[in-house]
Amino acid sequence: MNKVIANATEAVEGVKDGMTLMLGGFGLCGIPENCINALVHLGVSGLTCISNNAGVDDFGLGLLLQKKQIRKMISSYVGENDEFERQMLSGELEVDLIPQGSLAERCRAGGAGIPAFYTPAGFGTEVAEGKETREYNGKMHILENALTADFAMVKAWKGDTDGNLVFKATARNFNPMMAMAGKITIAEVEELVAPGELDPNFIHTPGIFVQRIFKGTDYEKRIEQRTVRPRD
Amino acid sequence: MALNKQEIAQRIAQELQTGWYVNLGIGIPTLVANYIPKHISVVLQSENGLLGMGPFPFEGEEDADLINAGKQTITTLPGSVFFDSATSFAMIRGGHVQLTVLGAMEVADNGDIANWKIPDRMVKGMGGAMDLVASADNIIVAMQHTNKRGESKLLPACTLPITGVQCVKKIVTDLATLEVTPKEGFRLLERAPGVSVEEIVSKTAGRLTVKGDVPEMQF
Amino acid sequence: MALNKQEIAQRIAQELQTGWYVNLGIGIPTLVANYIPKHISVVLQSENGLLGMGPFPFEGEEDADLINAGKQTITTLPGSVFFDSATSFAMIRGGHVQLTVLGAMEVADNGDIANWKIPDRMVKGMGGAMDLVASADNIIVAMQHTNKRGESKLLPACTLPITGVQCVKKIVTDLATLEVTPKEGFRLLERAPGVSVEEIVSKTAGRLTVKGDVPEMQF
Amino acid sequence: MNKVIANATEAVEGVKDGMTLMLGGFGLCGIPENCINALVHLGVSGLTCISNNAGVDDFGLGLLLQKKQIRKMISSYVGENDEFERQMLSGELEVDLIPQGSLAERCRAGGAGIPAFYTPAGFGTEVAEGKETREYNGKMHILENALTADFAMVKAWKGDTDGNLVFKATARNFNPMMAMAGKITIAEVEELVAPGELDPNFIHTPGIFVQRIFKGTDYEKRIEQRTVRPRD
């Protein structure tokens, strides 16, 4: 069940104009850097990108925004990006803002065959407009639909050739749910190992959710807010 | 004297109880972590996937893979746990986080909160705020009593698009501690040291209930 | 000659394709694992929380913490993964398992299946069967063509409480391989070696379509 | 945040007649043996037990059945238990049978603040009776409600004093979801360690879901179907 492909270029084969993509990461943490670069080179456009954030001007999804490859963003928070703001205010870019927990759960639902679920998040707000509402346990909830994507692109710390993945620290974030929700899921990893090298008890994303895997290169891993404390 | 941001955070820290899991929003709420009383043991939840958030790392020890919800580099503590975003919001939505502290642009006297969007201005998104305010049983807002134009942020009804309905339980501003009650609107619990009830009344646009002597905050 | 259980399993094993994740039910389906062609690489999913199910352990190496969905002691293989029951059924419900093989008491010519309950008899429960049949795109039933009383198990409609609707895609019995089609009901694909079309027709109560020459199964 | 209690007797303090309990395990694998024994000794009755299975006659939940402490079982599969069968057929015991995946997801939903969700499992069957149905993606689904419990009792391999848990192999099964869904969750563990001894990257159940933890004793870990192969 070897799912290894050579590189990012091969990974994004089949991505076409107008497709819907999911991209893991929170801020710039745990984003599929190699896949994003490959998408820039591939030059596809009209993309709908489901990603918690939209990168910064010159890194992450910001690179796709600069090239105007994105038609629509589905995110929870999109600050820190001037080009994003320009395109959004000018109407070039469509933006669907979703509460972060609903975004995570909607991706999981998409991967788990749950087409819809009730959540209290967003009841009474703009987010609830046009959505069904219902009271459970004395509290109002709204019905949210699952999200899926033509391709999901995730970044893991380690992976084996069967597609089993392990994430590191808070770089896990949206990656596991998006891995579940892609029709084709591409995993780029820092370390690619043989089956059996990862402890079967401690795998975050089982390989069944992953169709392509490759070892990424040249990770920049940019830090958005470098906060430190003085040594005593 | 009106409280500064640190003092607002310090006052909120008094609300913490041992055993609580707590989510602190960006801004003043983040500062609460610096004032947790020594005898109180709480666990800080960061919604990007960490329980047991520690302090900022020492210079040179930053890890790009280890950040908080404000995208700041941080550290872990013994007993910390990492998890994915769905699990994180399962904790929040499921009521496992006992306290959420967050900032606000406006709070209504029925507990509605607005803190994510100003029409005709760039909208950055609600992040996890809508999940947090819709879920936590105990929500404390940390904010200035008035906006930059001197207008009250404690209103009869929110004028901005709201983040959540009837959810705020308590507010700590630079001037006062207030409870939000279904029947009495904002109930004044404490004054900032040296701040008069009259000033608070004059700067609170929403329904305000003042009963008996209102004590000063104690630090 | 009608197939025995091993031969039914062997015939089903021919359906496997490299790269598939496969869930094998209890009974004949479990035997399919013994006949996977050497050039075919599949991963067996056990819905209690394992991908990559290996063979039974050697005597003395049984681990009470490592069982399959039939509660049998088993082993893992390189690349195996353990997970919880919610994740397991996320795989199943989400369509990530390419093939489910399971037994049945009755199959209707519209693909309905009944395999969990006999009225007035002790009901043991559906286990994961309802999730499996409602989810998988490709469902193959392994069963005898007739029941112990000689009555057809391939019916115009199920008489027993059903497990799932219009879900069975293929059936391998001791007598035949049949496809379940929306328009033609059961379509006869193959005969067991030496079994006549007439026998199959006589033992199939549901709508049966026979077109042209029906080849014998090849092993 | 120390959640350690002395033993199983202390663990089940507060369990009262008529309460709803969740008990982890699949078959006899990963069941909270110590808690079950403590419930037998506590003598509470009229319990509703949510558990995938119902044990065997003389082990696991079978012990509670023998003492007639259970009023209702919510399970997916309840074979292998003669006393269960007797009580069920005689009407002494109420039984609610739920598809296994729906059971797992309903527990997770209960813990995750999702009051209801749509699933295809059981559509058109007895399970769907009285439930709302809806078509999504050309396929019919039924609306299932979340499950919660007054107490959830789970069995882990290792746990730390903060309540963080690690399960072993297929003994994980329903334990993590039930840990999420208990108002009070009790974890019994084979090994109890200090905070920091478990790798924060590889914890299956974060301590936030666990209120009480103790080191169990005398694990029998009975095997239901001992299947082996000959050595060559």
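Labels for the chains are A, B, C and D, by order of writing; each one numbers its residues from 1.
One rule holds for everything that comes next: a contact is a pair of C-beta atoms (placed from the backbone, for glycine too) under 8 Å apart; a residue touches a chain by one contact, two chains touch by 3 or more.
Owing to the predicted nature of the structure, the values given are computational and were not obtained by experimental measurement.
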{"item": "Contact-graph separation of chain A and chain D, given in steps at minimum", "value": "1"}
{"item": "Furthest chain, CA centroid comparison against chain D", "value": "B"}
{"item": "Centre distance in Å when chain A and chain C are each reduced to the mean of their C-alpha atoms", "value": "36"}
{"item": "Centroid distance [mean C-alpha coordinates] between chain B and chain A, Å", "value": "28"}
{"item": "Distance from chain C to chain B - Cα centre to Cα centre, in angstrom", "value": "55"}
{"item": "Sites on chain C at which at least two other chains make contact", "value": "76, 82-83, 86, 89, 92-93, 135"}
{"item": "Two or more partner chains touched - positions in chain A", "value": "105, 108, 112-114, 119-120, 167-169, 200-201"}
{"item": "Overall pattern in which the protein chains touch one another (line/ring/star/complete/other)", "value": "other"}
{"item": "Every chain pair meeting the contact rule", "value": "A-B, A-C, A-D, B-D, C-D"}
{"item": "Chain C - residues contacting chain D, complex", "value": "46-50, 55-74, 76, 82-86, 88-89, 92-93, 112, 117, 122-131, 134-135, 161-165"}
{"item": "Residue numbers on chain A that touch chain B, as the complex places them", "value": "26-30, 52, 75-79, 85, 88-89, 95, 97, 99-105, 107-108, 119-127, 140, 157, 167-177, 204, 221-231"}
{"item": "Complex contacts: residues of chain B adjacent to chain D", "value": "18-19, 21, 41-43, 45, 51-52, 76-83, 86-87, 89-97, 135"}
{"item": "Residue ranges of chain D touching chain A (in the complex, touch as defined)", "value": "105, 109, 112-120, 134, 136-137, 141, 166-169, 199-202"}
{"item": "Residues of chain D defined as touching chain B within the complex", "value": "1, 108, 110-114, 160-162, 164, 180, 194-196, 200-201, 203, 206-209"}
